[in-house]
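Working notes for the structure below.
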C-alpha cells in the first residue's frame, strides 16, 4: 500500500531541490577529499553517494584525493622508518614508490569502485597520466616532494565530456620521468582553477575556519579575501590552517568562484551545502558584496 | 542554524531517488494531460513541477495536452450553440476556430509559461506546426474532427535535443490546409510510439482501471494486453474506459514500453510513479513475465 | 507540345535571378507582417509564397506577425467594450487573453499552415515560448501592454538551423508569468537586430516614407539616419509614421543592415525588392555612401 | 521607374518554379556534356548557367565532360596522323598525352572558369585524381583506351559537400600509373550510379531517342527498360544510338533514378527539363507504372 | 658536415617503411606485455619506443600489462607467505591489495611515464575503471582470482579517439565491488576482440610456438586454427603453452585478425614484425589461404 | 631468415625519426617544385616518395609546381616561335593555352599519379579551380602573364582536411575569366603564407644561397632577413637569385615560419632536411636568436 503522506513529503523535498539543481547544472564542482576526512568508511560511502547523485542530476563532478592514513599504514607494513627534517617527512625513492602504489593503486581505485557501485561511470587517473601535473623538486633534502609548475586538464575534460567522473591521485612528474608526491590541497587549487570550477569543496575534519580554534561555535560561515588577510595579520588563522586558507585564496585567484572548507565529518555535507543557504563549513569568495 | 536532522532526511530522500534517476535518465517520457485532469490550478502547478524536475535530472519529457473545460467556456463566451449527432459534437468552422485558439493560443502557452517559471525551457507547438500531425476527416457529418494518418516527430526531436520541453496541442492538418481537432489520447499513442517512449503517462481523473468502476479499491495496478482483452470480453472495461484502454494498447503496439493510466488527482502523481514501485494508477504492458 | 519561346523566357528570368540569389543566400531576412497589410487573403498568400520561395533558394527567413483586424473581430465577438485612455486601448486580463488566443492560436497557425502548403517547413512560436521576449508593464493604466527588456533568439536559431521558418507572435512574458501584448514593429527591431539580419522588411499598407503624405509620387526610395532625423526636425515625418521610422532607426542601431518600409499592397513586393534595384517602398540605411 | 507588370510576371515565373526546386533540392544531378553537344560557345554558356542556377537553389550538381572536337584539333596541331583499326582510333602514348592535356588541362579548366564566372564555386578534377576512375586496357591493339574496373566517388563527395561543383574529365588510371582515355557516357553511368543520382542528363546533339532516326517528330519522350530492349530487338535502336542507350540502361541498373537523353541544341534544355513536365529529349526509367 | 651516404641510407629505410605504415594506419594493435617479457629495463624501453613510434605514424595502439616479478617482490616485501592449492596461488584480501597496488599503482604508471617521455600521450587505466572488465570469482578456494564475464571498451575508445595510448592493468570487478586478479592473456583476447583489433601482440620470453620446445630452430612461423588443434592433439603444444595458444585462438574467435606470439627478448621485435614479412615469433590466424 | 642486425639498424633509424615526426606532425609543409629541379625522373620519384612518406606520418603536405622544360617542349611541338621583349617571353593566347594544358593537364596529373602510386591520396588542382589564385595582367606587352592580387586557400583546406595531398598548378584567373601564367615561386609564397605553413621548401637545382655563386662550398646554411638585406646591398645576391630570395622574404612576411632554398639534386633532400639538423640548402628565417 502506498503511503501517500510520505510520498508527498518525498515529492516536496525533491521539488525543493529544483532551483539548486538548476543553479549547478553543467557547472564544474571539484571535490578535494583525503587525509583525516577519509577515515570513516560510512562517511566515505556518503561522500561518494553525494558525488554520484550530483553527477546524475547534471553537475560535472571532479574528485581529487590524497592518501592520508593509508600511506602511513603502507610504509609501516614494509617496515620503513620515517625520517624527518625540521618536521617534514623525507620522501626517498622507496617512500615515493609506496606513496604512488597506495594513492594510484589502492585509494584511487577504491573510490572509483565505490562510485561505480552507485551507478555512475568513474575513471581513476593520476597526475602522471598524460603528464597532467608537471612538477619539479621542491627541496633536494626532502627528496621526491614536488612543486607544481603546470597543469594540463585536457585529459580530465576528455573523460568528463564523455560522462565519466574523473578521480585523480595528486602525483606529479617531471621531464625526466621522476615522480613526485604533491600536496593535494595545492593540486586542487591548480586544477579547479584551470577548469574554471564553480565550486571547490575542501573536505576536512574540522568545522571550518574558526575564530577560536577550540570553539566550534566560533565558525566563520563566509569570508572574503580581504577578511582572510586580516585574519592572517591578526594571528587568528594559524598553524595547519595557514596553508589550507592560502590554498583557498590561491584557488580563487586561479579562477574558482567559491571555495568551501567543508566539515567532512557531517553526513552528506556536500548535499547539505548544495541544498541549503548555510552549508557546513566556511565559504571563501573573492569579495563580499557591499 | 542548520537543522542537521532535517538535512540528513533530505539527503536520504535525494539519494534514495538515485536508482530511479539512473533508470530514466535520457529516456523519453510522454505525458498526456488534459480534460478533467486539468481542472485544479494547484494540481496543474504540481504536474508542471514534476515535469520540470524530471527534465532537470535528465529525463527527456514531452507534454501533450487537450483542452477540456476551457473549450466549452470559449464556445459559451461567443454564444455558440452546441450541436450533436448521436451524442457526438459537430465541429463546424467556427467551432474548430475556437478550439484552435483555445488549445494553441491559450492552454498551450499557459503550460509553457508555467514550465518556464520552474526554470526549464519549454516550447509550445501544435500538430499544425511542420504539419507534425497529418489527418483526414473522420466523418463528414462531424465536420472538422480528424483521424490521424501519419505523425512526423522530427520537429519534436529538434527542440528536445536542444534542451527544450515540447508542449504540444493535438490539432492536425491535411494537405489542403484544413485544421482538425484530434483526440488527445490517440495523438499521445501515435507520438509516444513514434518516439519510442519509455513511458506514456495518461493523466486522468480516475484512480486507474478498476474491476468495479464504483469501487476505487478494485484498482488493477498492472495489466498486460492479453489480460486487457479478457477484461474487454468480460465486459469489465466499458463505457468511456473502452477507448482509453484501446489507446494504451495501441501505444504499446506502436513501440511504447509502458503506458500508465494515472490518477491525476493525486499530488505529484508523476514523481510518485517514478519514485515508488507501486505508482498511482494502472500500468499497461505488453506481456507480464511468467 | 513544349512552347520553346515561353520556356526560353522562363529560363531567362530564372537565370537573371541568379546574382540576387547569390547575394542573399544564407543571409537572414526578417519580415514583419501584420495590421492593415494583412487584410487581403490574396496578398497574404503571395507574401507567404515569396517567403517560401526565398527559403527554398537558401535565404534564412524569419516571419514576425501582429494581429490587426482579427483581434478587434475577436473582441467584438465576445461583446467586449473597448476602453481607451488618451486614445490608447486599455488591455485588461480578458483582452490580453483574447489577444493571445487570436495571435498565437489563430493568426500564427494560419500563417504556418499557408507556408507548409507551399512546401516549406514552418514552426509557429510566440514570445512566451522559451520566454523569448522578456517584457515589463509599460504603464499600469494600460494594463497588459509590455515594454521589451530583453530578447533571447536561441530558440529561433535552433529551429532555423534545422530548416524551419520560424513564425513568431509578438507576445512577451515577465518573471511572474504575466503575458503582455508587444508592438510588432518594436519586436521586429529587437529580434532582427539580435539575429544580425541582412534585411528587415516592414510590410505596411502605404507606399513607403513620403515627403507629402497625400502624394504617393513623393516617395523617398532611400534614406539614411541623418536624413531621417532631418525629416523629423522638419516635421515631414509625422503622425503614425513617427514610431514606425523610429523602429527602423532602432533596428539599424541594433545591427540590421537595411530596413525597408515596404508597400504590402503591391503583389509579390518582397520578391520585387529582392529582384530589382528599385524595390517597392523606402529603404533605410545607416549612412549613404558619399 | 518600376515596371510592375513585368515584375509580377517575373514573380509568377519564379513562384511557379517552387515545386520543382523543392523536388530536386539536395538531390544529385549528374550532367554528361561533351562531344558534338559542346560545339556552340553560346550553348556552352547556357549549359553552365543552368548548372550554376540549379546549384544555387540547392541541387547537388556534378559535371562530367569529354573533349570532342578539341582533341582532334589538338592532334592536328602537332601534326599527329590518326590511325584506325576497324574504324576505332588507335591511342598511342603521344595521343593519350594530347587527350590528357586537352581534357584535363583545357576543356576542364574552361568549364570551371565559366561556372566560376556565374558565381558558383567549381573544382576541376579528373579520373586520375585520387585514382577516382580505375581502369584496365580494353584491347592492346587500341593502346591507351580503358575499360573501367571501379570508381571511387569519395573525392567527388568531399568537394560537393563543401559546396563546390565537381567538373570531371573522364580519364582513368591503372595500378602501374598508366593513363587511359575513357568513354564519357560509360564513366557517367558508373559515377552517377555510385552517387545514387536522381537524374543523369546525357547532353547530345540529337532530339532524343527516335522511332525513325530521320524524323524528329518520332521522338519517344519516355521509355522503360523493357521497351528499350524491345526496340533493340526490333532494330529501331541502331548505329551510334546502341551504346548510348546501353549506357542509359547501365546507369539505371547502377542506381540512377532517371536518365535523360537530352537535346543539347535547345537553349536552356536542362532548366526546361526541370521546369516542365515534358522535357527536351527522352527519359529512360526502370519501369513505367502500369 | 652532412654524411650524405648515411642520410641516403636513412631515407631509404624510412621510405621502405611506407607500405607498412600505410597498411596499419588507423588500425588497432593491442600489445599484451607482462610477466617474464618485462624483466629487462632496456627491452622495456624499446617496447615503449616501438609503441610510441607506431602511435606517431597513425596506428591506434593499446597496451595491456600484467605484473610478473614485481608482484612477487611486493609480496615478499611485506613478508607475505605464499600459499598454494594444487600449484595455484591463493589470492586472499591482502594479496589482491598488493596485486592491485603493484599493477595499477606502480607498473601501470611506470609504463605511462615511459611512453610520455617518448613524446606521446598515454593514460593509465585498469579494468576497475568504468568497470571495464567485469568478473566473477573463478574458484572460492583460490580467493580473488577472477573469470571475465564481460568487457566494456567504450572508455578505451574515448581516450584513444582523443589521441591517448590506453595502458591497462588487467584487474576486474564484480557488482559488489570485489576486485579480482585477471589473467592478462585472457583479458587481452577479450579486449582485442571487442575492439576488432588488426593485431594482438602477445609479448613472451620464448621464441614463439616451437615443434620441439627445447629447439628454437623448430619455430613455427605461422599457424592456423586447424593446425593448432592438430598440434594440441599431437601433444606438441603442452605445458604453459596450452593456455597461451588457447588465448590466441580465443582472440581470433572474438574478432582479432592475427595474433602473434612474439619473442619479447628480441630488440624492437614489434617494429621488426611490422617491417618485415617474417616477424619474430609465431603468427596465429583463422585459416591459411589454400 | 631474418637479419636481426639489419632489423635492429632499421628499428634504430625509425626510432631516431620520432622526435622529428613529433615536431612536424599536423604541421603544414608546402613544397614548391618545378623548373630545372624537375628534370630527372629518378629525383622526381624521390621527391614524391618523400612527400608521400611525410603525409603518411601525419605531416600536412601541399605541393605547388611549375612546368619548366615541358612547356618549352610543348611550344616547340606546335611550332610556336618564341617572342621576347627585353628578354621576357611574350605570352599570347596560343602560348597560355599551351601553358595551361601542359601544367594543369600533363605535369599536374603526372605528379598526382606518382603520389597515388606511393599509396597516398592526391588531388590535382590549379589556381583556376574555385578561382584560388586571383590575378591581373602584369604588363600588357607581355600578354597573359599575371600578378597575384589575392589567394583563397579554402579549397586546399577542404581536400587536405580529408587526407588528400593537394597538387597545384600555378595558373591564375581574373574576374573576366582570363587565364594567366603565374610565377611559381611567388604563388608558393602567397599560398604557404595564407596557410600559415611551418615550412616552405623551394626545390632548386643549386646548392642554396652561396656567398660565391661559383663555389658550392660557400653555401650559407642559415640566414635571417636582416642578413639577406645586407647581402642584397653588398651585391652578393645577384642575378636569378634576387627574385628567389625576395620570394623567401615575402613568404616569411606572409606568415611562413621557415623557407628553405633546397638543393633538389640531392637524393631525398626533403627527408634529409627533416631528419638532420643541417639540411641540404639554405634556411631563411625572420630573425636569428641573439
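Labels A, B, C, D, E and F are assigned to the chains in the order they are written; within every chain, residues are numbered from 1.
Here is the rule we go by: contacts are C-beta pairs under 8 Å (C-beta built on N, C-alpha and C of every residue); 3 or more make two chains touch, one makes a residue touch a chain.
In this text, all values refer to a predicted model and were calculated from it rather than measured experimentally.
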Maximum centroid distance from chain F, chain identifier (CA atoms): B
Between chain D and chain B, distance of the C-alpha-averaged centres to the nearest whole Å: 55
Whole-Å gap between the CA centroids of chain C and chain D: 45
Separation of chain C from chain E, taking each centre as the mean of its C-alpha atoms, in whole Å: 68
Chain E residues counted as touching two or more neighbouring chains: none
Category of the chain touch graph - line, ring, star, complete, other: ring
Circular arrangement of chains, read from chain B onward through chain C: B, C, D, F, E, A
In the complex with chain B, residue positions of chain A that touch it: 1-2, 4, 7-19, 21-22, 25, 46, 49-50, 52-53, 56-58, 118-120, 266-268, 271-272, 275-276, 278, 280
Contact footprint of chain C on chain B as seen in their complex: 74, 77-78, 97, 100-106, 108-109, 112-114, 116-117, 121-126, 128-131, 154-155, 158-159, 162, 164, 171, 173, 175-177, 179
